[in-house]
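Shared between the two complexes below is subunit A, which has subunit B as its partner in the first and subunit C in the second.
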Partner chain A sequence: MDLKAKTYTIDVKHVTRVEGHGRIIVNTKEGVVQEVKLAITEANRFFENFVKGMQPAEVPWIVSRICGICCVGHQLTATKAVEAALGIQVSPQTILLRKLLTESQFLQSHVLHVYFLAVPDYLGVKSVLPLAKSHPDVVKRALRLKKLANDYTAMFGGRTLHPMSNTLKGFRKLPHLDDVAALRKRLLEAIPDVEETVRVAQTLKIPPYERETEYVSLKHPDEYALYDGEVYSSDTRSKVPVSRYREVTNEFTVAHSTTKWSKWHRCSYFAGALARVNNNFDQLLPQAQQTAKDLGLKVPCYNPYMNNVAQVVEVVHCAYNSVRMLDELLGSGLKEEDISYEVKAGRGAGSCEVPRGILFHEYEFDGDGRCSAANAIIPTSQNVNNIEQDMKAFVPKMLPQMSKEELTLHMEMLLRAYDPCISCSVHMLDVEFVD
Partner chain B sequence: MKPKVAFFDFASCEGCQLAILNCEEILLDILNLINLVEFREALSETSPRYDIAFVEGSIHRDKDIERIQNLRSRTNFLVALGACACNGNVQARSNFVAPAVNYGVVYGEKARNRVQVDPDYWSLWAHTRVRPLDSIVKVDAYLRGCPAVPEEFLHLVKSLLQGTAPYFPQIPVCADCKKNENECVFEQGRTCMGPVTWGGCNSICVNKGYVCDGCRGSLPHANVDAHISLMREYKIDDKDIRSRYRLFLGAEPIGRGV
Partner chain C sequence: MVGLGSSLGGDDGIGLALVQALSGDAIFAARCVFLESADAATIASSFIEWGAPAILVDAANMALSPGEYRLFEDSEASAILKTSSVSTHGLGLAEGLELARTLGFGKSVYIFGIQPFDLSPGQGITPEMTARFPSLLSALKTACSRLIRG
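== the complex of A and B ==
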């Protein structure tokens, strides 16, 4: 097709199969790209202002409402930040329980994203619904895995969404060890489903576009960092402590987005499964490393579409690592702990990896123990800048060989590959193409 | 004919739509009984008319008002899904601060000033105040709670499929606690919003060792005066009582008035 004829206005006003409201705008004139924009149009909710005046334990409980899909991650990150502000130390038992909660959330979120939001693009259907008829085994497997992950979260969190069991210093209610043993058994029985998920991922034809960027994630000396660690950059190959997170995110506002943007050592950076796998590949369990090999993910990987594959690698890691941690818990047993704490003035930051990338929360408390300042920097708001840079790099490469429809689909797939969580980041996303 | 069902969201965490996707065991059965025509979080399709629309989220901006009015005009039955849609939820706490102050704190002075002067940004950014759906349009049924309760969703769907009105009894969370034989939170030396809060959640938070914070909204005819006296008996000062009422009920008259 004649490049000169390629004058497109693509405007995807409400990108579907993403969490939140975003819009993609692509504008090309006679084969030349005029404008590529990722606009975020979610309404503001002002969490950082309205948590002021709250008591310390109320803060993690309320800020989990930033996002339904990542509620566990927001709650745990806020819990760590408030504990840092008040100087609260937690027991190894509490840390183990929180790590279990973390991995349950990774399983739930990645399974949902891969099967419900990403796979339909690769199978050429508009949603998971037609798959219920054409590929019933795939849909039933996705639902089985999702239910297992949700039950796993509920066992340690008290329920799946906005869990109430985790609080400052520990847990309000502990699970029964019999139930923990039953969960371990169910996880082991689900390994064939996990292996089938890897086989589904093998059939996906991942678009071959690469753009090298900075990859940012937590890094921990002893384990694949999900619950804890320091902030690592693939550019400097060095870490900074979480308390200095503002040096990492350098937030700024842009006109077409109600989410704030981030940059560190270059114009944008990547957070999420691919960044974690790139930065911490050697710490993945052997089964997960093998999965990466089977799926053609070789680190460092610069193809953002491969983020979906990295999520599958993490599903394998979390499945096996969860069994390992449950064994540890069953070995050590559970005991009731004192979860009372002293209120005092202070300021503290916390960070966890959540399914979509690195998450930072920071809180300050006055002498009465009331929250006086808050800040939350969400993976999607760190990623939107990088997504727009990818779009700017890829549209000129795609334009000569793609129709408008294909280009639109590839832009939407790119956005979905990042698994954006727009409620989190503003909380919204819109895709608009202007030809 | 199968009813055309759609899901929409405004300002929210989208967790209530997720709560419905979490009904894994019965999801495929429900999908056989309805015609799911729009669900942005999971599908790419859209439709001009609906029999039942589930709407999550609270209304913040003028353009959101236009959108919910337009939605209302295209659906026969409108369900407020979850606390944000039913009563404004936690974000209604920001109603007690001027929007310009909120923008300044969250986005910085520069962004705040731009919001105020640039008409291109006004429609996207202009936040007025947090309102539940029924302050703008007629709502036919409420699925309360943060998050909404899957059992209540299933009850509602079954009722509508049979052509009957879903029934949610006006009972406080205390009734659920009694049924579950929980020790009263006040007896444990802590305070609870359960006596004035719409029940039906199976008192899940109290069952799991926490207290009720009132996410399901205030029960009609709740005896707020008696509840406040009780809180005072437990040496909770008035500032904390107000903070408690404004945690989940900031957009309700009961939260504004305390």
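== the complex of A and C ==
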């Protein structure tokens, strides 16, 4: 292939994310990569200012609005941070209910991302709409699983989006055990759909590009960490407490991005399903471990495109683990709990894994119980730096063997593989070439 | 009868409010459902699950005067409702319906659209829309009764 003919600019404008907009720029000259940038131009959301002056219980409900897909994760992370600030202890029942909420959100989000955003790329269609024509059974299955996950969230959260049942110290409304048993039955009946999802994932031709990086996730001594744990690095193979999260994120600014970037032990790190599977593979349920093997995901895996596969592995884990937790709940029963708490001054941090990676919240309250400071660092912000590093590593490898169109598609697929909040809009990208 | 919209978007909540009021009437109560802030996947799966004709009640930009309404079939409305975005956040009613149609939902869908005065964020419909509410509810009841009778 004539590399000298490869002089062009790829300019993917308006890569929209929940907080604003971004852009992919690739400049090549005679087959040599001159510039690769993931330029984020997101606007400030001001949530950290919205909550100033708010009472403790109000904060988690407000900040859940940061994201319509990760609303459960934002709410639970904020709840944990506020509880840490006020020294509130929660019961095993509350922790179990929150873990169920967490896994319902993982099922919702991963099914949505894998089927509606990732699979169309691999099956050569623009979106889920033509996919419904070419592969109606695939889309029907996706809708069934999404509906089940929505109902699952609504059962424990009170509604599908922005749950209102969870609050500080417990739950304002508990589900009926008959409904819990019915949900367990529906989850078991959905296992064939989950298995079929694995079979669909087996057919996807994942681009074979690898770049080793640092993988950061929560880690828990007793379980696959989604709701709780300490912050673990694959570089040091050690953990730090969530309260020291600023030592992890080390946020900094770059000229072409209005979102802050993060780095820990090297220039960038990866947060998300692949980081979790890499760091905590042994704690996945056996069915999920087998799925990883069936899908060719061998840890440590350094291929970021495999994040989609890791999400399917987590769908399997969450489906079976949800049944296990529902059994536990049905065995122990549910009782109303005292959710009153004492207001006092304090500062606390919380962290949960959300579908896109590790999420940190921190809040401070004055003696009147009014929020005086807040900080939220979302996974997409932490991943942006790593995505650009991937692009810089992969474009020189892709350039000799790909057309401009193929290269553009692979850059967009890479971005989508991370399932960033911008994934909500990457399918509406207008690609503009400037020769 | 399906109430659509967002109760936090000013007059975008008019569909929800009308169907809420409709549900107070014994004739319609068992037929009323709500899809508040629903995405296309939820809309599509709901239609497929129901498998029944539907009357959607929602704020709609139809280039009418604010407060006016129109009853039409979804096939007539596709050009009006289509949006250009194809994403999880951007997929809305039009795409949800199209998805359901593509997947085999073949029942009639009517839309009772109301031209909004203001869609700015905020709880509750505008005073102007509130003033029109009784006449809109009356028109909706008439339309629903007629369509149910076939």
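What we mean here is this: the second predicted complex is superposed on the first by the 414 of 435 C-alpha atoms of A that agree within 3 Å, B and C clash if a C-alpha of one lies under 4 Å from a C-alpha of the other, contacts with A are read in each partner's own complex, and residues count from 1 in each chain.
One rule holds for everything that comes next: contacts are C-beta pairs under 8 Å (C-beta built on N, C-alpha and C of every residue); 3 or more make two chains touch, one makes a residue touch a chain.
Keep in mind the model is a prediction, meaning the values are calculated, not measured.
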Counting residues of subunit A touched by each partner, does subunit B or subunit C come out ahead? B
First, second, both or neither for A:Met164, with subunit B first and subunit C second: first
Thinking of the overlay built on chain A, is A:Leu112 touched by subunit B (first), by subunit C (second), by both, or by neither? both
Examine A:Ala85 and indicate which partner it touches, taking first as subunit B and second as subunit C; both and neither are also allowed. neither
Quick check for you: in the superposed arrangement, does A:Leu274 touch first (subunit B), second (subunit C), both or neither? neither
Partner chain in contact with A:Lys133 - subunit B first, subunit C second, else both or neither: second
Have a look at where A:Phe47 lands relative to subunit B and subunit C in the superposition and call it first, second, both or neither. first
Common ground on subunit A, meaning residues reached by subunit C in one complex and by subunit B in the other: 16, 18, 68-69, 112, 116-117, 126-129, 132, 139-140, 143-144, 146-147, 150, 160-161, 423, 427
Spell out the residues on subunit B that touch subunit A in their complex, using ranges where they run on. 9-19, 21-22, 24-25, 27-28, 31, 36, 39-45, 60-61, 64, 89-91, 93-94, 97, 101-103, 105-108, 110-111, 114, 118, 120-121, 124-125, 127, 130, 146-147, 204-205, 208-210, 213, 243, 247
Considering only the defined contacts, which subunit A positions touch subunit B in the complex? 14, 16-21, 41-50, 53-55, 58, 61-62, 65-69, 71, 112, 116-117, 120, 126-129, 132, 139-140, 143-144, 146-147, 150, 158-162, 164-165, 167, 172-173, 253, 255, 258, 260, 423, 427
Seen from subunit A, its contact residues with subunit C in the complex are 16, 18, 68-69, 112-113, 116-117, 126-129, 132-133, 136, 139-140, 142-144, 146-147, 150, 160-161, 423-428
Residues of subunit C touching subunit A in the complex: 37, 41-42, 44-45, 48-49, 84-91, 95, 98-99, 102-104
